[in-house]
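Next up: some structures, all given as structure tokens.
One chain, subunit A, appears in both complexes that follow, with subunit B as partner in the first and subunit C in the second.
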Partner chain A sequence: MSYSETRPLPPWYFFVPAIAVGTGVLLPLVYLLVRAFEAETAELFQIVFRIRTLYLFGNTLRLAIGVMGSGALLAMPLAWLTTRTDLKGVRFFTLMGVLPLAIPGYVMAYALLGLSGPNGTFAELFGTTLPRFRGYWGALIALSFYTFPYLFLNVRSALLGLDVTIEESARSLGSRSWEVFGRIILPQLRPAFYAGGLLVGLHVLGDFGVVSLMRYETFSYALYTQYTASYDRTYAAWLALMLLALAGSLLYLEARLLREKVFHRAGTGTARGANPIALGRWQIPAYFYLATLVLASVVAPTVAICFWMVKGFDPSHLRDFLEALSGSLMASTPAAFLTAGLAIPLAYLGVRYSSSICRALERGAYIGYATPPLAFALALIFFTLRVVPGVYQTLWILIYAYTLHFLAEAIGPVRSALYQASPRLEETARSLGYPPFKAFLKATFPLLRSGLMVSTAFVFLAAMKELPLTFLLSPVGYETLAVNVWSYTTEAMFAEAAPYALAILIFSALFVGLLLIRDTNQEYRDTIIKVSR
Partner chain B sequence: MESNNQSSGREPTLRLKGQSANHLLSLDVGNSPRQSAIRNRLMHCTRIMKSLLSVRNITKRFARHLPPVAKDVSFEVYTGEIFALLGPSGCGKTTTLRLIAGFERADAGEIFLEGQLLEGEKVHLPPEVRGVGIVFQEYALFPHLSVLGNVVFGLKKLPAKARHERVMEVLEMVGLAPLKDRKPHELSGGEQQRVALARSIATSPKLILLDEPFSNLDAGLRHATREEVRTLLKRTGMSTVLVTHDQEEALSFADRLAVMQGGRIEQIGAPETVYHRPQTPFVADFLGKTNLITGEAEGDYAETPIGRFRLDRAVTGKVLLSLRPEHLTMSVSNNGQGGKIVLREFKGHDLTYRVQIGEQDYLVQTDYRCPFQVGDWVQLRAVEPTVIVEGKEE
Partner chain C sequence: MLKYLAGILSVFLITATFGTAKAKELVIYSGRSKSLVEPIIRQFEKETGVKVKVRYGDTAQLAVALLEEGSKSPADLFWAQDAGGLGAVSKQGLFDKLPESIRSKVPESFRNSVGTWVATSGRARVLAYSPKRVKPEALPKSIFDLTDPKWKGRIGWAPQNASFQAFVTAMRLLVGEEKTEEWLRRVKANGAKSYPKNAPIIRALADGEIDLGLPNHYYLLRFKKSDSKFPVEQTFFTAGDPGNLVNVAGIGTLKSSRHAEEGLTFVNFLLSGKAQQFFVSETFEYPVTDEVISNTKLVPLDELLKLTPKLNLEKLDDLDGTLKLLRKVGLL
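Now for the complex of A and B:
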């Protein structure tokens, strides 16, 4: 007797693109590995085991932990105040907890640098000079303000999902409210912290803009200087590998912690929310805290950008600006459509086929997302130089990198739409005389349209503000908005950078708007669970 | 019985059309010499009658380490017949349906439709060329299309005019013509179901498969819809395979039915036959309340803990008997034999008693006038021959 061991293989028109994506992500990374081991063993030993590696490792870790910690300190009170108290303006402050995502790290760094120092905005407006933000503290502040919304979103939804009756039982058993917070609420928030912490950690590891502008040496920064300044490519490859290893261990660690927690949570929905706690005289410090947060994370950078914009406005720069804008558009637009197109087969395999190979392929996309962009870019450079030198320094390679890096963000909306579309629809179409691909096109595809539009917009906006991939992979002399913000800022030309920073701010704000329309938090959690398996 | 004898005595081919013929065929169960004779004659009729769908020894497993979901499943469906696959969830009935539709690949066995091989060792016709329509439990209406768009979906090959005529004809038939521009979410459950049915019928398939089509309707609507659909199917002469876990639905809807359990067919026959003459304990129990009694058989009678019962056929040795509650009556016990009534359930048009005899409880269904009360001592008597569901043939 013959068995069909698993469900039949997916049709080639889904399978082949999915395989291509998986290969596209893994091949450069594998090649990076090969390249790194090309050196002699003794030389390798010298490269890897030196004090500098330890120094970079320490710096990177210090920054990651610092950003996670300060992010938690920023996010936790905000989440608690907006979900559990009688605070006025909850919607406004919730929005303010998400809005900093609209100010990418390097724009934040630009704002911080532009604010401080003797010629800074602060000095000009108030007459007193803010000390220059530099190094560790500068990087910490910029990254904390940019990334704390990830923690806020996770903690907030966890707080809203907690079963209030557990807290009430604890109260009835004689616990005081502070004890309830410490013994009942905080432990239940752990999964949310892990999930948010993972995203923050990946951002810190992947960040290039902030650490380079603040001149704080982490793996990313060292990778960049190594790549641009010298020709010791083997060391660059090793730095990329170490960065990858760090991201991998972070994923592994958080996944372990998360897997145990997330699935053990009781039902998330509760019929009744908690009774809001009256703030009373604590109102004043609460509003003070919130005002400071909003001022520092949203208002100050926006003011700084606008200040430099007005101060240094020069119409003759319009041409340059339009050139950079079209540069960004020319790379982001095709990448957005390509990515949305590829999201269909990957989401389809993930949702409709349970075989391990299909799940592995879908996960390939998440590896592309979690890989620190600089390491991925370097791997791509090595790979193309060796295998297809013709595409090195062309727009193609940039679009390729955008596509594979942002694919995970595009899969989410398509996957949600696919879950809504029953497989029976396609089967019905088959029984009504349609061959497989036509059945998909006529019965399922129409239901994916809105999801696809969201995916396209997501990737487009994300690519518009992307820095490290653009920086390393774009053709020589190719200008984009993000790259211009960065290069003018490194030269301390804040006025020249302002229009680009403002443009990025606008695109990022649109991105956040889109995030808010969709239930992003769920999608990010999906991402993490996917990554962790 | 009488009428069956008569009809089978006539020239069969003349009468073998529609329901009467199916009714005839449904008699293929029973083992007395007389019944065997009837069956032999019927087998002859069967060959003359057209078998539409023939499922032969179909086996399907989803993974090597799991038991097969369908094992050696064989049955025939005749033209114009409504055939039901009945069984508890997980018995393999839906998988069998999906194998017929072509959504799954069989591991062994063959499926023929009008003599054409659909599924075989090296053959697997894709669903779109099988000419088999399907209505799913959740209807699977295309949410982005109107009622009209849904029904026209399968008619792309017709010229525009013929297509429109056909759609309107079918919509009139199911009484949905006035709603043709609505979207599926603007329809009630019953209306959605009629659209799904119309969509399948429109393409004039050779066979329609219904997968639990009534289970998404609420109880009140279900009854009426079932009647409507049955009338419609019969009026159009549509051959149908229905999958259901609801025994009442299968008994009232189908011309013949197959009872499945654990991937196997336990019994095939007309609703009356399967209900009154179950061949296995499972069938007896699944089709309604029954008393399963062990006994020692000797010829036409068996001795059981509750008395001596006449059997439906002659056997010898240990037997397991099925006695429906409505086939038992009670009388006053004077000699201390029999058992005590432990429960009396008044249900309006009838009464159910639970009688304890020894360690065992027995169910008895009587009409509403039965005078006995809880605590009374009664003796049980069978009004019909008891059915052997397990035991060696003589």
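Now for the complex of A and C:
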């Protein structure tokens, strides 16, 4: 701390963009608040305190808890099998634990709906009808399969980092394997579950595609129906505020829980890996479990999409498809470059200046990431319409929303690159007579290039598959891949939706590929930790 | 670095400007779904050379957007799925008066008396059902029979949809506020499932999710066109029942429009024989002008008019009240 206090304030060219980001995120949210309180008190009371609010609250919470729980059930055995046992094909199954991230929730929901029912893929392939899941169970399944990798990644790296000596001591004192697992291992995994659970929870709160396609009423879905089908938007504003409050409580809760649980290793030095446990006769159930997981989370949805693609391929729709593709590109490309550019000052402040104000500024980006997209979009609509009507319903506002929402994903790679670039280099450049900005350009910037490239790619791919922001903020007549998947699926036109779903699948797979190349485990954990503090 | 920055900036500007470029384009807010009207819009573009941009959405959503945007609205035309949405926008004074040459093209019952909107096609509310699971003689005779416990969990409706909302508005006028509210509550308590639109109701009937549905008449006919054995049928309630409401889709030009002339050209085009024939033959709706060959798959218009409840469509303009009611009973 004393080190940072002796440092001067960061130069304006880093400071100003960082402040702009913070303001950019907070201003629309503040405006949402203003808008929400515009209603008369009596009416307000009627809007907010009614049974329906409680019902939505219950539904949202039930779904979040359900998805966290089933996600943990899916992730825990996978993580344990791939880190602690003599399982064959560990690399493959680890990959399969991450790959479901390539199938966004709404695409998963599309696949589930397309698989089931009398005209579904399953019925056509096997002759028996798969029952159609709707409502709670449908939403739970789609969201669990999509989000469990967040838990898997966290639990896996926690398992790899555990101090084996504690387990060994317990065993030497006579504890049985399952006792060791329940008393020693599981409690130590708690922080990993909290961190993963937080990400899953934020996804559930922010999700719009799955709950709307599955017709399960949560805050997001109610927000959408209010927005689309009601005169009075005060209620929509209130729903957005409630959603924000829920996301905020989740962040707070997670931070509290993590603070109480700090684990230390008993010895010093690097952690030693555990001796793999021989599966023996448990091999068969283990492989069966893994096969089912891979089948359900990756194979089945992919087959469903390809099936509808082949079945309903209509070359006359090519023009529409290309239009949607170019629409997606037109917003994602500038957003990616802009975001990567903004990631530099924010990462720089976070790494090189550890004063509390700099950390607070860096956190601005994480607020943007944690804000439920529909709430953010609604705030932006109100804000632009009243304050800057010139940009209302233009592409600029969509780019703006993407940038602030995905900035957190872009900071990670730039930050790791900055850690590797020694401040001494820049100091040397300055001592050689370069002015500070030039010194940064000459000494540090060249080392950030690869990090920047990765950031740009991350944001580009993330924006390509994003649904709720795109949905609410797209300008008139503007078509994108994600919105087409959604709108064709709401009309149960599965064949028409297929090419768009397949395109999303490809872009998302590239996104996950990038994640894997970068061993982003670390980066994701960084993000998680930042989000929760 | 500077090169890199310049690169970023130019890519950014090129893509963004490309995207927001403001050419001379007609902007339509369409409450009618894309799959129904896109072909005819493309046809208009081809014939007139005028570029058209369409914002598709629910009729109520777009009506609200128009009210919120006011004079800043980018829209030139509002093409609504029902008379209620048109009435709401007209009541706020956002529409221009249409010239006599356009108004005179449709009969009096297919336009409002102030002359701010004209109908473009007619449609009816129907009772759709699964013939596999419901025998025709067991079908409900009136909309009020849907509260019967034997239909528990078997009904599908679309409270977000403008046609459904217009039907509720009509019901409020026909049987009164209280009775409508009670009906909504009781059908909801009877486990009615909410779908976002009409087409998913038909699909859900075929997929066995529900046994009865309340859509507009033309959706099923479109499914039958591509698959004549599609396992869903439809019929009417007893004559005069609110569930048989005949409604119109219609269009008006906005005062805030910057392309008034092209806007009127579009309205004229929709009332031309070619467009009317498209609605009749392709989307299975009723024409609003005379010069059209009728579709044999449709119940003749004069018969339909005997089934519908007696009501002036212009009176359906209290969309706000209907939305409040739907919210009150927890359907929105």
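Heads up, the rule we're going with is that the second predicted complex is superposed on the first by the 517 of 533 C-alpha atoms of A that agree within 3 Å, B and C clash if a C-alpha of one lies under 4 Å from a C-alpha of the other, contacts with A are read in each partner's own complex, and residues count from 1 in each chain.
Definition applied: a contact is a pair of C-beta atoms (placed from the backbone, for glycine too) under 8 Å apart; a residue touches a chain by one contact, two chains touch by 3 or more.
Keep in mind that this is a model prediction, so the values were computed, not measured.
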item	value
First, second, both or neither for A:443, with subunit B first and subunit C second	first
Partner chain in contact with A:435 - subunit B first, subunit C second, else both or neither	first
Subunit B versus subunit C as contact partner of A:425, first or second or both or neither	first
Contacts of A:121 with subunit B and subunit C, given as first, second, both or neither	neither
Touched partner set for A:157, first subunit B, second subunit C, both or neither	neither
If touched residues of subunit A are counted for subunit B and for subunit C, the larger one	C
Partner chain(s) touched by A:132 [first = subunit B, second = subunit C, both, neither]	second
Which of subunit B and subunit C A:225 touches, first, second, both or neither	second
Residues of subunit A that lie at the interface with subunit B and also at the interface with subunit C	none
Subunit A to subunit C touching residues, read off their complex	51-52, 55, 117-119, 129, 132, 134, 212, 215, 225-233, 235, 329-331, 333-334, 337-338, 340-341, 385, 389, 392-396, 399, 441, 445, 449, 475-478, 487, 490-493
Complex contacts: residues of subunit A adjacent to subunit B	1-8, 422, 424-425, 427-436, 439, 442-443, 446-447
Subunit B residues touching subunit A - in the complex, by the definition given at the top	59, 61-64, 101-103, 105, 107-108, 126-130, 132-134, 136, 138, 140, 142-144, 153-154, 156-157, 199-200, 203, 205
Complex interface listing, subunit C residues touching subunit A	1-2, 4-5, 8, 11-12, 15-16, 18-20, 25, 27, 29, 33-35, 52-58, 60-61, 64, 67-69, 72, 74-75, 159-160, 165, 193-197, 199-200, 203-204, 206-209, 319-320, 323-324, 326-327, 330, 332
